[in-house]
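Next up is a structure, given as structure tokens.
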């Protein structure tokens, strides 16, 4: 751990908050990606099950 | 082969599926290297002390906040002119990423301002411009969310993006003009050239590369989700018809 | 062309809430401010131009969702879109009638309301000049926002979110012109920017509004 | 006026509902569209009026020759009958509202506000607008809704007169208007049935995960 001197709180909080936002954004995107994949798979399955008219 | 072939959703899904893991790994590596290098292995600035380490987050996120909007502008133009659906969806996918980048730039700027200017929020032209940009992102995303028909939503948000770009730029000049009379610009700044000596410069470059790649990876990932959802809704409306 | 303008003005007068509502809202807003910041006349006179500009902007916002919504609901907009009058002209006229019903009365009422806020008398001229130059841009941007949200059930809130960021340059240059004028500084740049924004809006936004309307009617 | 459409595909929202619509209408002829609810009559009429661009196919006429009457009356409740008519006459540049007033016998209602009219009277007022447009092709969507027998006859004679003057008309209606030159077109064969409908939606071709 480097010596951050009197600004330790400032620097650490900036890093913590920023990285939290980035992780949140990535997690949200990955979750939405999974959701969309599941939803499409379900609909494609239903479509393939039904005989083509 | 023309570049426009990637505008076909199926082609895009194939290519982006191969590209995404590579870009993700690269961006992760660059971010780790850049931020760790910046945080642990750079000296303090003689005036700003250790707060100079915040530039490794603030500068790249501010850069991407603007570049994300530029990318949305280009994608919107491509949609309006050439009607490539993937382009419209990529613009939609980029907006939340741009919003998050703007938020990071704002928050890190405010946190840095507290010890440097003695206040979290000064109506500094740069910070104010980012606040306005933040509002533009919110409006753009709200319009996407409000309209049901996907093509109409793409059309209307593209027009909003065009008009918004002009006014965002105008706001930038307006804000500069508005604040110049009040007090001198802060003598200390987080992102002026003079602060970026070589020791700080190389880790900053790596960090910027990390943010660019992260943006790319997230936009690819989110565009893929949007394409899937779009196909799902197209299939459903067709089912309903028969 | 004049027919559409005449009809909109007639409707604004007869339907009530056209001229009256925006002005009344402006008045209430100005009356509320001293309750919020205290009766100190020094403070009031210093913030008066800003309050009046923000008030004019909010009063303008109030009636935006009615610009196209009523015509959309009763089918008139479909018929207008098939009429020989180009939609670009229709959008311009709609913005003009919105300005005549809100922007113009607000501009005229602002000096009177300035008295309530102890606004310095040398600011009055600049306030009227900046409002007269700036409010047409507000109406045109508002028409654009209304065109974007015309098909939506609850467009009112969304319009505010879309239009307010677009209003920012106008507000900044408008309020800045009054502040500089009051302090005896040159106001030319601010007023020129304000006029340029209005001229630019008049030249370009009708096309954007008409395009948005066509997309919404599809 | 003669006009025709060829191999037209129209969409409602993001779904293609009609494909392969082909017909031609001669001068003085009326085409009556028949189809069950939701089959795409309104969609087709909006397409003819130029409000919704077709997915594919060709319109061999200019939408500027089409006068469109929708379900909605498009009347302003606070304006009088005369003001409503005069507005449209000014917009379409015909200025004179007398022919419309005569055709639908509105003279006794002229000074009344539209909000005080009955549903049938509103319908008459809204149909009389067609006369004011001075356009050759009338596209009418369920024109006789809430009209009584007498006014249906009045409407029929207005259409007949329009046809006799060399106009033509496309009507979506369920009742027999007794028009002399009417031809019926059943839209059912043109309905886009799920799998084989042409579409410009690239999200429907090819599967992906």
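Read from first to last, the chains carry the letters A, B, C and D; within each, the first residue is number 1.
By definition in this document, a contact is a pair of C-beta atoms (placed from the backbone, for glycine too) under 8 Å apart; a residue touches a chain by one contact, two chains touch by 3 or more.
As the structure is a computational prediction, the values presented were derived from the model and not from experiment.
Q: May I ask which two chains are joined by the most contacting C-beta pairs?
A: Pair with the most C-beta pairs in contact: A-B.
Q: If I average the Cα coordinates per chain and compare with the overall Cα mean, which chain comes out closest?
A: Chain nearest the overall C-alpha centroid, as shown: C.
Q: Centroid of chain B to centroid of chain C, CA atoms only: how many Å?
A: About 31 Å separates the centre of chain B from that of chain C.
Q: I'd like the Å distance between the centres of chain C and chain D, where a centre is the mean of that chain's Cα atoms.
A: 37
Q: Distance between chain A and chain C based on Cα centroids, please, to the nearest Å.
A: 41
Q: Can you give the whole-Å distance between the Cα centres of chain A and chain D?
A: 50
Q: Give me the residue numbers in chain B that touch at least two other chains, ranges are fine.
A: 228, 231, 235, 239, 242
Q: I need the residues of chain A touching at least two other chains; which ones are they?
A: 37, 40, 44, 53 - these are the residues of chain A that touch more than one other chain.
Q: Provide the list of chain C residues touching at least two other chains, using ranges where the numbers run on.
A: 218 - these are the residues of chain C that touch more than one other chain.
Q: Spell out the part of chain B that touches chain D in their complex, as residue ranges.
A: 8-10, 13-14, 85, 148-151, 227-228, 230-231, 233-235, 237-242
Q: Can you name the residues of chain B that touch chain A in the complex?
A: So the residues of chain B in touch with chain A come to 35, 39-41, 44, 49-51, 53-54, 57-58, 61, 96-97, 100, 103-104, 107-108, 111-112, 114-115, 214, 218, 221-222, 224-226, 228-229, 231-232, 235-236, 239, 242.
Q: Can you name the residues of chain C that touch chain D in the complex?
A: Listed in rising order, the residues of chain C that touch chain D are 2-4, 7, 10-11, 14-15, 73-76, 78-85, 217-218.
Q: Provide the residue numbers of chain D that touch chain C in the complex, in ascending order.
A: 46, 49-53, 63-64, 66-68, 70-76, 78-79, 83, 86-88, 90-93, 129
Q: Where on chain A is chain B touching in the complex?
A: These residues of chain A touch chain B: 1-8, 10-11, 13-15, 17-18, 21-22, 24-26, 28-30, 32-33, 35-37, 39-40, 43-44, 46-47, 53.
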